[in-house]
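Each of the next two complexes has chain A plus one more chain, namely chain B in the first and chain C in the second.
Up next is the complex of A and B:
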């Protein structure tokens, strides 16, 4: 039964963003299971726990208390067992520095949080239905940042 | 040039001196030789006379003998025979004398031999003819031939003697001629030699005087130069010193004393007296540096502090080099008071630190603007979109109007934040210039604006551009800002037409370029058919936050053209705007080649 669902995880300290995120998936006609974590520590604790269900796509906010998205990204990419998890950076800023850093550290795509709910739904549906294998093979700095 | 003259002159003087000396020696030798010749030739004259006298004497002895013999023959008195008896001895003496006198003359020696045999014959003849007289046979027929033979012999002797005398006369004449030439030529020769040496001495004297004159003028120049060096030392706050390493003597220039806060030449300069002025903390290091100077010949600058008697602390910088002048090792140094420089450098560093701090604050602000300001705004917008989507039925007509007003304000705020960010990014220090294909950059800019272009049906025509040395992403920004500007400020119901022309221009031929730094520029001309503007605003439109139109007419933040100007300035280029209301605007961009 699990195979029919796409498991999606979001780590974001912002309550509103978690709400938008969940609502967007609720309205999308894609079968997804969405779980959200309030910061990097909660996320990593879950990922490292034994009964963790690893998601197909992890949405990672960069600016979080206790453990930032960047730190999570480093830890995840240092561990082979998370190789199959596509990591989408999900951030307010799209500063060149952040884009460059996360690209180098092995994130798969960079999403700038849209300021419009319709756009948000479109972006999330695009990312979730993306052919990761195809995307990752042709990944470069230019298509890393998802343009709306 | 000075050194050349100095080297050439002494050589010339030396040569003329030695030449004059040589001439004098030659003259002396010539005079000596001539004098010697002269005395020799007078000796020879005397010799000739002596030979003549002796010959005369021999002949006169013979004559005496002949006369005596005749007397004896006539009188038969033997008393008459005395001269004959004496003549033998006298003749022999004279002969010996003659032999000695003519020993170097073969001709005369031969003649002398002939003469000797003739005389012998004559004397024999005397003997025989006398014997006739003694025996009283004078009447004998044999006596006449003997007597006659005596006469003939006597003639032969006379002729021989006159031959010899003639030879001597000729010899004498020849010698006298030689002597005459010598006597005539030697003084002329000597006179010329002396004239020549006088000329040489005069020339040398002239040369020396001239050298002294030029030396004097060099001295004057040197004096002037010294004075101007003094002045330059005062104005540039430095002093010179020379340290004779072997003699352990020091020379300080006047200004070095002044730098130490003392009257010029007011104390005896040496290392110890100087060290007294040096800041106690710097003394040890300076001593080390000075020791190193002696070994390494020349060193990097040495920095230290000195304390003047008035208590002022000054910072000095010294440089010295060991020079060997005529085998004497000297340390030649310059010391400069760099207190002011040091102070201004310190001030500059402080400012730099401050500037750096400001920059950091600015980039922190950037981050706040990019992230923290955007976040609440984004939420406002998202919630608004949720409100419109889900709750619009529940809102009154007025409520919907308010919501749409809020949406407008929020979009405007987003635009402002985005533009501000872009402006500050344009300011960033990382400016990587590279040779870029401008045609591709234009395509990129068109893609950025694809939506606006297709919405407005804008027609963009452009020349083909050569490659340029630019910061590519900034030039793309410039293109897209200018094009979007043209599209934005469009007349109602008109299709935007934008043309971008290229030309390569010579800086001197373009009146607009004030003090251009390069000779040639790329000129890009953006022409549109939009609403244009009054030319009096041509400069104002580039000022940050400056807008020519109300917000409701045209959306805009007043940042776009400021960014354009910033970008062009980053490229050390120029941007000019030119507008005609209701006709359009022209933007000219000059980028250095």
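Up next is the complex of A and C:
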């Protein structure tokens, strides 16, 4: 029932970022299963398909072609089916306006993309560990806001 | 019309547990802290039926000894943070070790092994979650909350909030308020 791994999804159009991300997760203490998507359209197609496995945490790049992270965020938060998915915005921007705006639209986590591998690992570890606490302790996800 | 309700999670869960036990006709005594004494040993089928009924409410029967102790640590901490009558002036390490009858070192190691976080961080997380609740539901000021949760100063609470969540208490409040406005539209 309470399986000891976390399902994680990343949508990012940058191939290097996707690779770094998967590698960083491989090295964490918490066991994770990572799936990646190349843009928002692929991501939403998968999420809306019947056999989709919803992740505990979704990492969304803000700037993607075809469908941006912001559009995905709005669509996901308009559908109750995705209530249990914690949404982490994963972006190069750190403008106060972007940060607050995504939180207001229902994002739980805002991550400024770290520039080196070591900080990426630290950040991702912090996110999954905290999310794990919310998940296993029945904390109120409506109040889950984290900025890194 | 809109109404607001306040509920005590602990009593809700205890009530659900008790009702379910009564429904499955298992004779039992509630011991508190998520512990129940069952009379005799019910058959495997009865236990499976109970587990299934409880899973509806996401209540899980804890199986191994380590998880049981970790759950007790969590329950004690939550009770310590949320229950105002408790004397928070005792150091939490002393309180935990006395309540659970194990050395603090043992409890701390076990806790980190099972939960991926430390007891200290878990206490901070619970306090910050409680702070969020108090800001939103009771409309308390940070000064009142700092006093209630035994922080030495408002600055200390405010710093810990920022350190744990990455945002300040006032932007937290603003974001949640804006979300609610957005929902009304």
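To be clear about the criterion, the second predicted complex is superposed on the first by the 128 of 148 C-alpha atoms of A that agree within 3 Å, B and C clash if a C-alpha of one lies under 4 Å from a C-alpha of the other, contacts with A are read in each partner's own complex, and residues count from 1 in each chain.
Heads up, the rule we're going with is that contacts are C-beta pairs under 8 Å (C-beta built on N, C-alpha and C of every residue); 3 or more make two chains touch, one makes a residue touch a chain.
Not measured: the values here are computed from a predicted model.
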item	value
Partner chain(s) touched by A:83 [first = chain B, second = chain C, both, neither]	neither
Partner chain in contact with A:92 - chain B first, chain C second, else both or neither	first
Touching partner for A:48 - first (chain B), second (chain C), both, neither	neither
Partner chain(s) touched by A:63 [first = chain B, second = chain C, both, neither]	first
Which partner reaches more residues of chain A (counting touched residues only), chain B or chain C	C
Which superposed partner A:120 touches (first chain B, second chain C, both, neither)	first
Overlap of the chain B and chain C footprints on chain A, listed as residue numbers	none
List of chain A residues in touch with chain B within their complex	14, 16-17, 20, 23, 63, 92-93, 95, 113-118, 120
For the chain B and chain A complex, residues of the former touching the latter	367, 370-371, 374-375, 377-379, 381-383, 385-386, 389, 414
Chain C contact footprint on chain A (complex, rising order)	1-2, 29-30, 100, 103-106, 110, 129-130, 132-133, 136-140, 142-143, 145-148
Of all residues in chain C, those that touch chain A in their complex	9, 55, 58, 60, 74, 115-117, 122, 125, 129, 132-133, 136, 165-167, 171-172, 174-176, 178-179, 182
